[in-house]
Each structure stands twice: as C-alpha cells, then as structure tokens.
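Shared between the two complexes below is subunit A, which has subunit B as its partner in the first and subunit C in the second.
On to the complex of A and B.
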C-alpha cells in the first residue's frame, strides 16, 4: 500500500466500524458490510477554507481535500461545477417561492453526474497502480467509464446486458472501450460481473473501487452549498437508484457543517423514485427500516434497480433528516421532463422527470412548505432517453413552401386560442 | 477452421475449482419459517457460513458465504432462486445504470 494517502485515514466498515488500509477493496471481511472512506477532518479543517476553494478552478476538484485521492487528480480535470439555476418559472408552476436546479445534464464529458464518481474512481485507480479499469452498466456509467478512461489513456472493459439498446452501446463503443455484451437475465448478468470483478486484477469502478467512487457524488452537494452562497438548502430532492447519491449529498452537507464552511442548519434530503421501481420510497412511506426487492418496470431505466445496495442507508438518512419520498408513474415522469424543459429550457433524462414529478407531489402534500428553499438534483441529459418521450411531446405541423399557408396556420392558432 | 477451434474448446475439460462466493439472500415472507440454508447444505456439497442476518415477519435477509466446487455452487444458487429466494452478490447491484 502506498504511504501517502492525502487527507484519507482509512476505509471503515459501515456496519461494524472495523478499519482497513486504503487499498482497492470494498467489503468488510467479517460481516461483508460496505466500506467507506474516513478522512482526517482536523487536518482538512486546518487546510481548507472558503477563500482557498474559491481561488481554485471551477471544477469538482476545488473540494479535493474532501475527495478520496492522495495527490492531484489525473482523470477528469474538467468535471463538475455545473450550473445551479434559479428556476423561477418552474417555481411558479409548483407553487414554490425559491427553487433551484442543480443541472448535471451539462456535466463534462458525458452529460451525467456519473462523470463525478468515475473521475474520482479512475484518479484513485491510477494512484493505486491500475492500468485497466472496468464497470458493469446499462447506460450512463458505461459511457462515463469509456470516455474518461479514453482521455486518461487507460484500458477499459465495459460489461453490458447483450440486449441493451443500440444507442447506449454506441455511446461506449465510440471511445474505444472493450464492450462485452452478456446474454442472460439481469440477476445472472449481475452475478457474473461480480465474479469477473473478483477474478481479474482490474479497477472495477463500482466494485473494488466503490468506496472511492461513491465519494465523488459528494461534490454535487459541495457545489450546491457554495453556489447558494455557502448555505445548505432547506430541501434537496434527489432521485434514487441504489440510493447512494442521496446518502452522499447528506454526507456533503454534514462535512461542510463540521468544517465550519457553512452554518449548521436543519435540512431534508428527499428521495424520488419511479412507481415501476420504488423499493425505497415504498419502504419510507410505510415507515420501514428495510425495503423489499422489486422487479423493475419503468421508463426511468437509469433508476431501475430492484435491489438497491444503499437502500437501507438512504432510508436511514431520510429518517434522520425527517425527509420524505414519493414515486411517480411513467406519465408523471414525462410530464416532469416537459415541465422542466418548458419552464427552464433544461432537457433532462427520465430520472430528472422523476425528481421534478416527486417534488411536485411533495409540495402538493405540504411535505415541502412553499416558502422554503428547494434544490432539485437533475442528474442526466434528455438526449440519453429520447425513446421515453417519443410520441409524447407533440409533432411538428407541416405546411407547403407558401407564406399564405403559414399565415393561415397562425390565424387558425390565434382563433383557437380565443375560443379556448 | 473456426469450427475446429470451437470443437477443441468444447472438449477441453472444465476444472472444478473450489471457490468462495459471497451472497446476500432475501427471503419472501412465506420462506421465513423454512430452514432453507440447512436444506441447501444437505442438497449440495457446499459449506455455508452466515456473516450477518436480519429476519422480520416480512422479509429475511442473510449475508452468506458459500464454499465448494463451482459445479455445486452454481446449481445451489439456482435451487435457491427456485425456492423464491432473491440471490445477489455481496455488492448487490454491480450492474448499474
């Protein structure tokens, strides 16, 4: 193991708190609990300040003391610091006073928040001496690993279900990744990928690199606080697949509070799921500490994880912060995508529709009071899930190349507007 | 030529290596009263080692290490699935979006 570990202290089991060296490992040998990075907050506190952060380039690495790398980053220099948009028009639609959109649809380079976690995992993988990286994915993660590995000159293997849509496959193949399609149902593919990750000495970003990988999500929370003028929003709405993002946003708020970078304040991190795959929100609404696995059936494919690895921890965070969760149908997801696009000019993938739809429900039910500040985390670009909205966003009206026809069309529209 | 290579590969005996597999088992309510892990060790030549467990009247969750030859572990997992038990690797969802 390398001696220099930056501001990290150890890996620690989230179940039994046993500590492990900062290697490429992810589960506790005793109880198989997941491992998490522990930092030396005293040293970070002495080193990090608002001024120091603000003097750095506008990327996620401006918070590098709180990210799990020992040296300067070597992969994904330009990732993060996406816009936090004041969403006045959407706020009015939802009946809110203050609404913000954390817009990771324009995250660099692959237009989803996965670039945050992947660039951390790959930077750490390089520090640990890996030259080959891998992942198992059905979409955004595959694209991000392929692109970030390519730019860093790392060899990459991307495992996908053999029946994955062509568009998603091309978005990984184009970067020169070794893309392997596996035939079989989800559980078989999932188990084989775990076996491959265990057998080959690669940096599997969401397996043996997971403790580092997951920490990358915190950067979204750090940016939100800084962009809000160094404060924690009263409400944050986050979509849930494995549930990891929600727990890491919470961790980012806690870390900035602990370090005195923001004033301590109460906040709620609400979870959003699709009705067709809602193990966490169903459990949360029933007041349970555990979830029951489900078989996903939703257009929100990026959230279609029936057995969420961090579901238990997401439930715990929501309970601790007094937060709520809810889920939305496929039609409500499409409506959420349209609302965000029409009000703010932001085209989100289906997961974004889930977040907007659930926020609308939480406001309507009074779980988000209308005068509080709210941030919606929008995690990926709509161009990635065009299939979900085809046929649901209207059609262009056609005319012949005639000015008269165009004027007639406008007249007809004006008349129908009056009659309505 | 390709057919010849395929034939040779197919004939190659597969080594039955002893392996350790780390799994999460999730039981539906109807299976909670059944001694599933005991039955598993009776039916297959595998060593079962429970690392943590949580059983309520709605769901049973067991973290299990299975040790044995691959030729026993693979059908053992299939048998568990037939019983209605959800079998996940210890990482749970390796296949992410």
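On to the complex of A and C.
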C-alpha cells in the first residue's frame, strides 16, 4: 500500500460507512455494500479554482483533484472535454427552449464515455502495481479497456456476451486484447467475472477497481457545468444500464456546489432505459425504492443489464432531486437515433436513441417544463451499433453514371412529392 | 452434497475455503448450515428482517434466486450455489 494518496482519504462503504484502505477492493466485508472513495475536500477546495481549471489542457484531467488517482495520470491523457452542443433544431422538434447535447460520441479514443472511467481505472491500476487489466462489458467498456491497455502496454482480458454487435466485437479485437465471448447475457458475464476476479490477481476495472473506475464518470458532469458557464442545468437526462453514470453526474453537481465552483441550484437528473430492460425506470414509475431484476431483451445492448448494481442509488438520486424516468421501445430508440442525427448531425448508438426518446416523452408529459434548460448525455457513437439500424434508415438509390438518369430520378421524386 | 462457492470477502470466515459442501434442501437451509459451521456468516448475507441483503446476489446453478423461489428455492445434492456481490459496469 503506497503512502501517497493524492486527494483521497480512504474507501468507505456506502451502506455502513466502515472505512477501508485505498486498495483494489470494491465491497464491504460486512454487508457487501459498494465502496466509494472519500476525498479530502478541504485540501481540494484550497487547491482548485475556476481559473486553475481553465488554465489546464482541455481534457477530463483538468478536474484531476476530484478524480481518484494518487499521482499524475499515466493512461488516457487526451480523454474527455467533448463538445457541449447547443441543439436548437432538436429543441424545436421537442418543443424546448434551451437544449444541449453532451456529445461523448466523439470521446477519445474509443467514441464512448467509457474512456473516462477506463483512464481513471487503468491509471489507478498502474499505481497499485497491476500489469494485467480486465473487464466485464456490454461492449463499450471492452473497447475502451482494450484500446487504453494497448496504448499503455498493459495486458488485457475483456469478457463480453457472445451475441454483441459485430462493431463492438471488432473494436475490441483490433487492439490485440484477449476477447472472451460468453454464451449468456451481461448479468451472467458479470457473475462469471466476479468469480474470475476473486481467483486471478488482475485489475478488473468494474469489479475490484470499481470505486476508482466509477468516479471517472463525474468528469462528464464537471465538463457540462464548465461548458454552460459554470452552471448546473435544470434537467439532465442520462441513460441507465447499471445506473452508475446517473449517480455520478449527480455527485459531480454536488461536488462543484460544495466547492463553490458553481452556485447551488436545484436540478433534476432523469433516467432513461429501454423498455426491454427497464428494471430501474419501472421501479421509479411505481414509486419503489428497490427494483426487480429482469432478463433483458432490447436492441440497446449497451444498456442490457437486468440486475443493475447501482439501481438502488439511481432510484435514490431521482427521488432526492425530484426527477422522473421512463423507457422506450426498440422502434422509439431507432426514431430517437434518427431524430438526433437529422436535427443535429450527431450519430449516436442505441443508448443515445434511448436518451432522446425518453427526453421526448418527459417533455410531452410535462415532467420537463418547456422553458427549462436541458442537457442530454449522449454516451456512444452510432457506428458501433450499425446492426440496430440497418434496414431502418432507407437505402441509397442507384443509377448508372448518367446525368439523364439523375435528372429522371429528381423529376420522379418531384412528381411523387406533389401527388403526396 | 450441494456445493457453495464462497466469495472473497467472506473467506476470512470460512478459513479461506472457496468451496464448501452443504447438506440442505433449500437456499434458506444453505444459509442456516453455513451459519452453524461459520458463525457470523449469516448476518453478512441477510438483513435484520431475514431477507437477502440488497447488494448480495445468490445463484443456484447460475440462475439468480430472484428468478426462482428466493430462499425457498429447492436444492438438489448436485446443485452449485454462488454468492456474489452486485457489480457495476457496462
């Protein structure tokens, strides 16, 4: 155990508050509650200011004091600080006044928000002396672990459901990672990985490295506030798989408020799920503070977690912030993908379609008032889930290389437009 | 006899045994037998009301007992039971 711990103090059980050393460990021995990093906020407050942040390079590491590594990062220097796009055309479609897209489809290097959590987890894994890293994944995390491990010279094992989209499988294999396809859904992959993690001395980013890994998601919230001119948006819509991202966006807003980097303001963090895997939104709508596990069946495979580990805390955050949640069908997910693409030129993966689809529902039902400010967290790129939209976005019209044929095509279209 | 896989956080209580054989007819009885052999283990797994704790997942032959009959789930001598903390990811 190293002595220098940066701005961290300990790991602490979220259930019983017992403290643990800052090692590669993730659950409380007494009640299996998840462990979370405790920071020295007094020291952070003395060190961090808006000016200091703004003087640093535009990456997630500009908030380094609030990320759980002891020294400077050694993996993923370029990650984060993705665009916050003012989405006027989509706003108009949804009937909103002020809408922003936090566009993590262009996160570096693997085009999803997972690069945030992985750069923290791998930097911390190195500090703790690991040379092999691993994960259980619905695809995006696998891509990110594979790529970031490759560039850091670490050996990696990634475990995924065997039926994942081809794009996500290739996007892990190309980096030379050991890709293991498990014949089962993600919850089964996760269960197996919990057993493997107990047996091999590897840094499993979402198992024994989870307390560090999960904190990386906060950077998405920090960036949103800074990019909005140091403000908390009134509404944030976040897709939910394990529910972890939603809880960490909330935590980021709380930390900036506590440190005086933004003014305290009331806000809601709404959760979005796919109807085919909606344990958290179903519980939220029923007013329950616990969820019932489900067997996933949805095209939003990156969200297909039937036993969401942070579901309990996501429900708690939504309750505390007075937020809502909803879920959308496969067709509504595809419609959401098209809506975002056609209005804003942003091609999101299925999870993004879920977020857009649910935002639309929440506006329509009045849960998001039309005059409030809204941010949608779009977490991954559409090129990764082409399988889900193939056959649903039309086909190219083919002609011979002849000007006459092209004119004939335009004429025919003009005529059919009139008759319609 | 049915086999129970003990997760790392509980192995201090089982003298580092990973695999424990139990003679039990249901998941509830598995917990009782574990408690009689490794005192203190039950309170780690069950809350004050006797329900399985929020962050503990129990599987019989790879199936979550919440999809079976929870603690009433019957156990055969050839069954394998896993106790696993909830983990995040995606």
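We adopt the following convention: the second predicted complex is superposed on the first by the 401 of 420 C-alpha atoms of A that agree within 3 Å, B and C clash if a C-alpha of one lies under 4 Å from a C-alpha of the other, contacts with A are read in each partner's own complex, and residues count from 1 in each chain.
Keep this in mind: a contact is a pair of C-beta atoms (placed from the backbone, for glycine too) under 8 Å apart; a residue touches a chain by one contact, two chains touch by 3 or more.
The shown structure was predicted, so the numbers you read here are calculated from the model rather than taken from an experiment.
Asker: Figure out whether A:293 sits in contact with subunit B (first) or subunit C (second), or with both, or with neither.
Answerer: both
Asker: Can A:214 be said to touch subunit B (first), subunit C (second), both, or neither?
Answerer: second
Asker: Which partner chains sit in contact with A:32 here, subunit B, subunit C, both or neither? Use first/second/both/neither.
Answerer: In the superposition, A:32 contacts both subunit B and subunit C.
Asker: Mind working out whether A:45 is in touch with subunit B, subunit C, both or neither, as first, second, both or neither?
Answerer: neither
Asker: Mind working out whether A:305 is in touch with subunit B, subunit C, both or neither, as first, second, both or neither?
Answerer: both
Asker: Quick one: classify A:161 as touching subunit B (first), subunit C (second), both or neither.
Answerer: Touch status of A:161: first partner only.
Asker: Which subunit A residues are contacted by subunit C in one complex and by subunit B in the other?
Answerer: Common to the two interfaces on subunit A: residues 15, 26-27, 30-33, 135-138, 140-141, 186-187, 190-191, 193-195, 206-207, 210, 241-242, 290, 292-293, 302-303, 305, 307, 309.
Asker: So in the complex, the part of subunit A that touches subunit B is made up of which residues?
Answerer: These residues of subunit A touch subunit B: 15, 26-27, 30-33, 135-141, 159, 161, 186-187, 189-191, 193-195, 197, 206-207, 210, 241-242, 288, 290, 292-293, 301-305, 307-309.
Asker: Write out the stretch or stretches of subunit C touching subunit A in their complex.
Answerer: The contact residues of subunit C facing subunit A are 5, 7-10, 12, 44-45, 53-57, 59, 62, 64, 66-67, 82, 84-90.
Asker: Applying the document's contact rule, which stretches of subunit B touch subunit A when the two form their complex?
Answerer: 22, 24, 26, 51-52, 54, 56, 58-59, 61, 63, 65, 77, 81, 86-97
Asker: Along subunit A, where are the residues that touch subunit C in the complex?
Answerer: For this pair, the touching residues of subunit A are 15, 26-34, 114, 135-138, 140-141, 184, 186-188, 190-191, 193-195, 198, 206-207, 210, 213-214, 241-242, 244, 290, 292-293, 295, 302-303, 305, 307, 309-310, 312.
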